[in-house]
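Going in written order, the chains are labelled A, B, C and D, and every chain counts its residues from 1.
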Amino acid sequence: MEKYTEIRKAAYDANMQLPKLGLVLFTFGNVSIADRKLGVFAIKPSGVPYEALTPDSMVVVDFKGKTIDGKMRPSSDTLTHAVLYDKWEGIGAVVHTHSTFATSWAQSLRDIPIYGTTHADHLTADIPCAPAMEDNMIQGNYEFETGNQIINYMKWKGLKYEEVEMILVGSHGPFAWGKTAEKAVYNSAVLEELAKMAFLTEKIKPGAPRLKESLIRKHYERKHGPGSYYGQQ
Amino acid sequence: MEKYTEIRKAAYDANMQLPKLGLVLFTFGNVSIADRKLGVFAIKPSGVPYEALTPDSMVVVDFKGKTIDGKMRPSSDTLTHAVLYDKWEGIGAVVHTHSTFATSWAQSLRDIPIYGTTHADHLTADIPCAPAMEDNMIQGNYEFETGNQIINYMKWKGLKYEEVEMILVGSHGPFAWGKTAEKAVYNSAVLEELAKMAFLTEKIKPGAPRLKESLIRKHYERKHGPGSYYGQQ
Amino acid sequence: MEKYTEIRKAAYDANMQLPKLGLVLFTFGNVSIADRKLGVFAIKPSGVPYEALTPDSMVVVDFKGKTIDGKMRPSSDTLTHAVLYDKWEGIGAVVHTHSTFATSWAQSLRDIPIYGTTHADHLTADIPCAPAMEDNMIQGNYEFETGNQIINYMKWKGLKYEEVEMILVGSHGPFAWGKTAEKAVYNSAVLEELAKMAFLTEKIKPGAPRLKESLIRKHYERKHGPGSYYGQQ
Amino acid sequence: MEKYTEIRKAAYDANMQLPKLGLVLFTFGNVSIADRKLGVFAIKPSGVPYEALTPDSMVVVDFKGKTIDGKMRPSSDTLTHAVLYDKWEGIGAVVHTHSTFATSWAQSLRDIPIYGTTHADHLTADIPCAPAMEDNMIQGNYEFETGNQIINYMKWKGLKYEEVEMILVGSHGPFAWGKTAEKAVYNSAVLEELAKMAFLTEKIKPGAPRLKESLIRKHYERKHGPGSYYGQQ
């Protein structure tokens, strides 16, 4: 249907960024983009190689996870995306990858400590790692519960999704989001780089200290605070 | 002979995937593809650089390892491929590489533990590492015995080749297989990525726990089980 | 204004080297180039993706940090560059990146020890890591104070900016400089490689010794001493 | 002079392989190729970026290190190459790089242990690491003595240059050689890969055992022994 042409094209473009940024091997990732007015999002079809994707192959799904339009089966992670859109009204795009370093931290079941200003340029908290899911959640509506796990862990940690736009799901891998697809993909790549730097920092100096609070605030505020002076707006 | 044109072309194409996927340096790898009706497989010639390969240069060999057609000497690992085709009737392609991380695990003589869902998306077991071979096997028909080592270790571990499509041969390197060349090459790249992530996981968290059983089952089943919902079939 | 055309073009060209050399992700870096006669430098605008940059978008700033010419806001690190030009009369270009290994050392708050002749080919000292800045400096004129931190730490260590053309700012990342933009970018890439090699050296041999003094002197002198015989001059 | 056209072209081609194989950053490497009949070798000029090289810029030098023909100054490592050609009559090309992993082992002052068959496919010994040079050698004719250090350490270890075509010079970096330029460059890339795998092996399994003798012999013999069956000759 023509009313979905635009988000399909945008979802296609965003998905194609993942292999270019080195964030996915084969089909190990997916991006979705929401149209808040229409109450739907477009997402990558399940298990289709990136080189075979077209804008037309993107599947349109509503925020309860019901397929609205599309010839193919949507990503197996679709319900996770749906829950995030449903609960977090301010997000416009969701990215899931199995990028190497972020996934390795998720497998380690550890938050990624904030060790430097590169991290603080993007968020003031450690990157949260939600615990691996409980057996009843896994055996139940697994992907739906993955979304709940993300939302509940953010809440439990006292983190706002507008400020912390990335998380690890323990034993699984990273999710990122943002107002736009561009921002969500950007967050995904930033997360991978922060994961790599934190790994190296701990190897170079076991017991390296967390970044001091004054630097955390300064770097975050200069980019995101009321008197921010980074960027062109 | 014209009846081999198709598998030669397919074997050529599959071999050319290896350098593109970063799985081989120089000539350190080989792919073969079987034609079960003809009872033969086509394999890369020995020691020929990838840029000099042509479909025509692929060597056709039967399941006992006898060269049936071809101008060049087949890969020195040919007998290993032959044994796998001979014993495992369901496989259609075999890939051997010396990819960096998988080979390093093989040199460490350790199984690669299952640490996350990326692993469980592909197999429910640790990736097996067969012991380095015994001296009499090495001094005997070495490549033939390498095939036997693979088959015997899978058996000893209670693993089915249809479910675990990859193995490390201790002190040597990885082998992967599958019903099709595409799947076998895919498995080869997946193995390398799982090897890298497992390495990183252990460095980020020494003593990281194996993935819990419920997640192993869930991720494997959603992709490979009777009610699978990953992909388009 | 036409009198800035040349340094704008040079600054643009130098900035575009950073992604090619793998030293930046997205906008995480900036190069500036000075025109000593005009008493200004041209620097990358803040937060603009590399693919959107043009020579014309470079911002011209004086050595006190005042924007002289340009349509966009200059890099948020502009005052740091300004201080370096103001205090160190012999430098013609400054580069700041968040390159992976150098930043990880900065996050570790450690000097990078001189472990080999690759290092000695470029400098005779460990690569200094200035301490993370004091709270009053952070809450004050932060980027200006970052420049002072660099200059003061070099002085405190007894290092000359003409001989040691690179530094880490603790918890933040690397800065490099040189007489020309080409040299400053070169130093930036060399620093990243030295950071990587030093990391690996310590992992291969915990407690590896610093390079012996005679080799330090020899390698540095053959490239930079009065009787140097490296290169074509 | 026209009689050097061929080795100049060959030396140029071989030098240009180094950046393609990821073995050099900027000008950190050099290849030379000998013409045994003319008693000379062609080598890269000193400090010239790869993109500025031409066949014509290669410098022709005799086996005592005297420049015979060429407009530029030869590589600062020229005397090391000269000594190797002078003492080892069977070699036709020499490669020196500062490739990342091999150099890090050199900085660690450790031989690279033989951990797998990838190593044994190329040599049966640990890759030797000559000690850092003595002060009098460094202060004397340094590059000449570097050549002697290589030759003497090989002798002291009981290694033949025809069989072990690579070495690390402690605190400095790798050298490789071979009958042809193609082989010497190949050895250089193999050394870097073996260095990386050995690093990873020790991280995956501290105290990993050396490869067993029977596998060392088997893999080396099948490629290099009298009954070798690897490759097409």
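Keep this in mind: contacts are C-beta pairs under 8 Å (C-beta built on N, C-alpha and C of every residue); 3 or more make two chains touch, one makes a residue touch a chain.
These numbers were taken from a predicted model, which means no experiment stands behind them.
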Contact distance in steps, from chain B to chain C: 2
Farthest chain (mean CA position) relative to chain A: D
Homomeric contact chain B-chain D: same or different residue positions, threshold half: different
Chain A and chain C, separation of their C-alpha mean positions in angstrom: 33
Length of the line joining the C-alpha centres of chain A and chain D, rounded to whole Å: 46
For chain C, residues that touch 2 or more chains besides their own: 203
Chains touching one another, given as label pairs in label order: A-B, A-C, B-D, C-D
Partner chain D, residues of chain B touching it in the complex: 25-26, 28, 45-48, 72-73, 76, 98, 100-101, 103-110, 132-133, 135, 138-139, 142, 171-173, 199, 202-203
Complex contact set, residues of chain C against chain D: 115-118, 186, 189-190, 193, 196-198, 200-201, 203-205, 208-209, 211-212, 214-215, 218, 222-223, 229-232
